[in-house]
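Next up is a structure, given as structure tokens.
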Amino acid sequence: MRIGFYPGCSLNGTSREYNESVKALAKAFDLDLAEIKDWNCCGATAAHSVNKDLSLSLPARILALAEQQGFEEIVVPCASCYNRLSVVQHELTHDEALKQCVTDILEIPYNGTVKILNVVQMIEKYMQDKIEEKIVHPFSHSVACYYGCLLVRPHNILQFDRLEDPQSMDTLMTKIGATPIDWAFKTECCGAGLSVSRTDLVAKLSGNILKDAADRNAKAVIVACPMCHSNLDMRRPAINSYLTKPVDIPVLYITQAIGLAIGISPKELGIERHFVTVNLN
Amino acid sequence: MNKLIEKATSLLQEGVVTKVIGYEEGTEKPRPFFCEKAEDTSKLIYNSRCINNLAVYLTKPELLGTGKVAVVATLPTLRSIVQLAFENQLKEDKLVILTVTDSEEVIEFAGFAEIETYLKDFKLKIDQKEQDLIDKLEGMSKEERWTFWVEELSQCFKCYACRAACPMCYCTRCVVEVNCPQWVQPWASPLGNIEWQINRAMHLAGRCTGCGSCAEACPVGIPIDLLTRKMMEDLGEEFGVVPGQPNKNGNVLSTFKPEDKENFIR
Amino acid sequence: MSKIGVFICHCGENINGTVDCHKVAEEIAKVEGVEYALDYKYMCSDPGQTLIKQAIKEKGLDGVVVGSCSPRMHEPTFRRACAEAGLNPYLCEMANLREHCSWVHEKGEATTQKAIDLVKSLVEKVKRNKPLVNIEVPVTKKALVIGGGIAGIQASLDIANAGHKVILIEKDPSIGGHMSQLSETFPTLDCSQCILTPRMVEVAQHPNITLYTYAELEGLEGFIGNFKASIRLKAKSIDEKLCTGCGLCTTKCPNKKIPSEFNAGLGTRTAIYVPFPQAVPNKPVIDKEHCTYYQKGKCRVCEKFCPTGAITFNQEDRIITEEIGAVVITTGFNVLKTDYFPEYGYGKYKDVINGLQFERLASASGPTYGEIRRPSDGKIPQKIVFIACAGSRDPAKGIPYCSKICCMYTAKHAMLYQHKVHGGESYVFYMDIRAAGKNYDEFVRRAIEEDGVNYVRGRVARVYEKDGKLIVKGVDTLLGAKPVEIEADMVVLATAGIANKGAEQLAQKLHVSYDSYNFFAEAHPKLKPVETNTAGIFLAGACQSPKDIPETVGMASGAAVKVAGLFSQDKLVREPLIAVVNRSAPPIFSTCVGCFMCQTACPYQAIEREEIKNRNGEIIKTVAKINPGLCQGCGTCVAFCRSKSIDIQGYSNEQVYAEVMALLNN
Amino acid sequence: MDNITEFEPKIVAFVCNWCTYAGADLTGTSRLKYATNFKIIRFPCTGRIDYMLLLKAFAEGADGIIVSGCHPNDCHYTSGNFHARRRWVVFRGLLDFFGIDVRRICFSWVSAAEGGKWADLVNSTVAEIRELGAYKEYQKVAGYLEKEECNE
């Protein structure tokens, strides 16, 4: 099964472990992820806060390339990339004129036929029914599934999971023996891009998230977004100085959690790259 | 073909029906044949050359009489029958509707509903000749189109064969016979002819089943079926009207959708 | 050869200023069929009208055209004048020489010529006018009121007191509706039941009112003044004549755990039950879905204990039909359930409740006898949060409209809470405070200023449970969008008012239209607020849109007056400008071929099928027939009919055709 | 608006009684001006307007036609205007296929409050039709035989 793969910038930088774990998982479930050739940045928040055409064209180009290279489906692990690509695809399918103008800019044919999957969808579609049989040591911890803001919003476009109380990650976690906690911060904002400019705010927002997870004694926070991860993980010092009582819960990518459960080596999953050391059982 | 003859014979012999309306060989082409005796059934034929739309007789009680009548229906005829039934013009219990498949099997329909389901498998296709002509006309300028029709219709001498041949023209009093006021000039004149054809087309909106009998019947060969065919296409695109599959809510002109297009309204 | 009289009005200088009225009269006099033509300063004045009357009498006119102002202005005036002179009023037409000519053109030849053309075309029309008589429809002086809430109660009483018979049907076992569930009412805080129950009793005892509870409308046919309603009387499984309403059965019924509708699910009831103590009628019904006997085939405890042997298990639904002349729809509204709000706790937190449930908590007849206690553990909440606009004005929830009553009842709730829980803390999150109404804003101010309710302007993002508290995360937009977090013991959502279950189906049964939220549509947003677009069917209360008690009662009385007005005459008189399907001698009978597509075109279901039979009663032909009671005269069917078998009086094909022709060839 | 010098088209308007006719009344009461070569015929509803009347008007020498009624959802009879709209969609298509100049029929919604819109509509239509000139093609065909009295 050959599927297009769009890493986006983060997966080659701050969140290499995400990249590695996705690949590792794909291998384990023999899923052939082929990187889209000549891919470019999706523009993320920056582009669409400065230039509409740009913010449409960048993701459109990626999708056009995918079409050109004959992919019917592409996996986009970064929640932000996933969000941008999906939103642009939606806007272009619903506005012929816009589509025309964008194709003119790209000078590559664009039909918007490619199906975009985030990591959770990838796992649901190609792995979940095989997970149980593969489990070697169950991931038997209580976990807080943290979806962040980009994975499920805007709902009317993404049509992925429940807007206010998503369940997909929780369901997958139960499959590897974990017990997801019922908490209130599943889709709260982590501070995202403010990480650099207003670290204090990030400390506060992410702090509240981690605190609630800790109070409901989660042993790990499970994420599917590089941004969330770096805020919850890399900003831990700042967070702990904000919180009265420091929190040492590790933050894992969903791919890592599953990877561990089916016996992929922590190294291969890039576990050791985290700032907050992961020492679960 | 004998399957059809068998069927017809048994229907007549067992007295299920008083007559079978079908086709017989004519001088040049097959012609409608009202078969009332079992011994005559051998004359019945059915092939691609049988084009008259026999549904036209089903709205004429004087021809049908009081008894039950069987009709050998081609696809267009079936479509017309469904439409007529929807317009309350047919009595289900007075009709035996037959058709012959390509494999020469005879099908007897249990009722109108069954015909509709049967028809779903046959997409109505306009034959290339007509389509080309329509495209040609659409290609023309307004003025050219106008001249085309004025010239074509200047040959019309108001024999109303088109009306007589059309199963949908079953009114007891046609609009052209209305004289207070005189909507349509009764005599043959370009204006009167145009008015008549426009009326005919409007009256067939969403009802025409594209059998082409009108043009077939025209003694001077005016391609009047283009009008209804073109309209059929437009209505199909605009309102999803499918000939032979009447919209149960009513006729295309007696119903509406709030979201109907109004880009032409100021 | 007709004898038309033409009367050109100067309207002072209004017409004569730009149109040479005298010339118009002169020119028209030459037109074939015009017997008499003159111009005069003010045709609508008494002397003016007298001129017309005299001319009609003296010249024996058989048609009149008045060239003056817009017919929308004076058509009735001149038609009356003609009638008084013995000429059928529908033989009088008006040419609009003022609004459509003199006022929109400069003085000049062209303008005068246009005036002449306009009058000419009307002359040609009048030549083809037919004398028409007004339509008279008999009226059955009995009204059907659907829904026994305060709207239905008020409407029924008003109609009954006007001396007309009323049938009131209510789908529940008792009348009273939502109002009977309310604790106190804003802005006066008087007890809802105390003011309602007397009226409920009055309904039950009124000689003119027949009350059917546990009953629903099956179908309605007919038209204004002449409806036939079929009503389903659901089996109550008791013999109401024998039952004394002692209530013993309800205490003995073993099945006690059924969530009580009256208490909005906060209390329980038995399977044989009276919804609430003051119910009218105060006799129980057996709820088959929950009755052990009906479900499992054994029990019959109630039957054993009933002292009068009133329990009758074998009872079946009955369908009765009633002839009525008018209908008032008063089916009320409902509120969104809290489980509509995942962000507020998915109805998974017991202590997140809706406004109606709070009413029950605050009501002396409620499950907590009026004490505010948490549904989860019965503790008294020390901190309570009210969230206004839960769903309302929120397109994301599919409800862009304002539910209108929430601002007021939320203020009331907060106030009641403060009165009942001393030292308690209450917060109200709101978008805007909409307190338009007599003493309404004062009421809200009182809640804020005297009772110390904390009003926070902003939305609540999320409610979640933590250590037995409900954490309410919101924002205070008046303090520079500062996030607010409140640890509450209880949260009350002022959930949006929505159309009642089954409103859509009912609307279709009644052939009245409804909006995209399934609220019934009034005939005109301003001038016909209690009418529907089906003649003889009226609206009142929250079934048209959420509204408070005074507004509902006012609307109900309004509808009642409309009904009384309709019933005040024995016959309904209507303008005869309606469609008619032609009839002719046998063997044709009518040129109508009976395709009945016109039925699908009629906005008023006014077209019926008429079977023409021969002497032996065999059907020869089925043709269309217009019901004069229902036809409003739009003429859509006329334009649609292929064989031109339908025509419309006053705008007949002949008339308009002649009008157009005359207008064009000058 | 009185340039009598050039060709003056004959224009008729078929309007509904409840919206456009009232709107035209308002035009009058507001003393807004428009060309005289333009006359209004009152119908109960646009749903009543027979397409044959339009053809007849052309045959009788009209150079342009306005058909106007209540805006969608404002119809006094709730849906007459919707039915009319359907009819015009179908009719226009047919006329166009016939080569009849649909630019000469202007459909519009004018409410009882839109006196101004009505004046503008009339004036612009008059201007447009003046541009197009007399509808000779149709009149030629209509006059093919010397004109007979069609009514009666």
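List of remarks:
We just call them A, B, C and D in the order they show up, numbering each chain from 1.
We take it that a contact is a pair of C-beta atoms (placed from the backbone, for glycine too) under 8 Å apart; a residue touches a chain by one contact, two chains touch by 3 or more.
Owing to the predicted nature of the structure, the values given are computational and were not obtained by experimental measurement.
With centres taken as mean CA coordinates, the chain nearest to the overall protein centre is C.
Interface comparison, B-D against A-C: more C-beta pairs in contact at B-D. The centroid of the Cα atoms in subunit C and the matching centroid in subunit D are 36 Å apart. Spacing of subunit A relative to subunit C, judged by their CA centroids, is 53 angstrom.
Between the CA-based centres of subunit A and subunit D the separation comes to 62 Å, rounded to the whole angstrom. Contact of a single residue of subunit D with at least two other chains is seen at positions 51, 56, 79, 83, 87, 150-151. Shown for subunit C are the residues in touch with two or more other chains, namely 601, 640, 653-654, 657-658.
Of all possible chain pairs, the ones that touch are A-C, B-C, B-D, C-D.
Across the interface of their complex, subunit C is touched by residues 162-165, 183-184, 188, 212, 215 of subunit A. Touching subunit D in their complex are the following residues of subunit B: 137-138, 140, 142-150, 180-183, 185, 187, 189-191, 194-195, 198-199, 201-202, 205, 226-227, 230-231, 234-235, 238, 252-258, 260-262, 264-266.
Within the complex formed with subunit B, the residues of subunit C that make contact are 588, 591, 593-601, 622, 640, 642-645, 653-654, 657-658.
Taken in their complex, subunit C has these residues touching subunit A: 342-343, 346, 462, 464-466, 471. The touching residues of subunit D, when paired with subunit C in their complex, are 2, 4, 10, 12, 17, 21-22, 24-29, 31-37, 39-45, 47-51, 53, 56-57, 60-62, 76-80, 83-84, 87, 119, 150-151.
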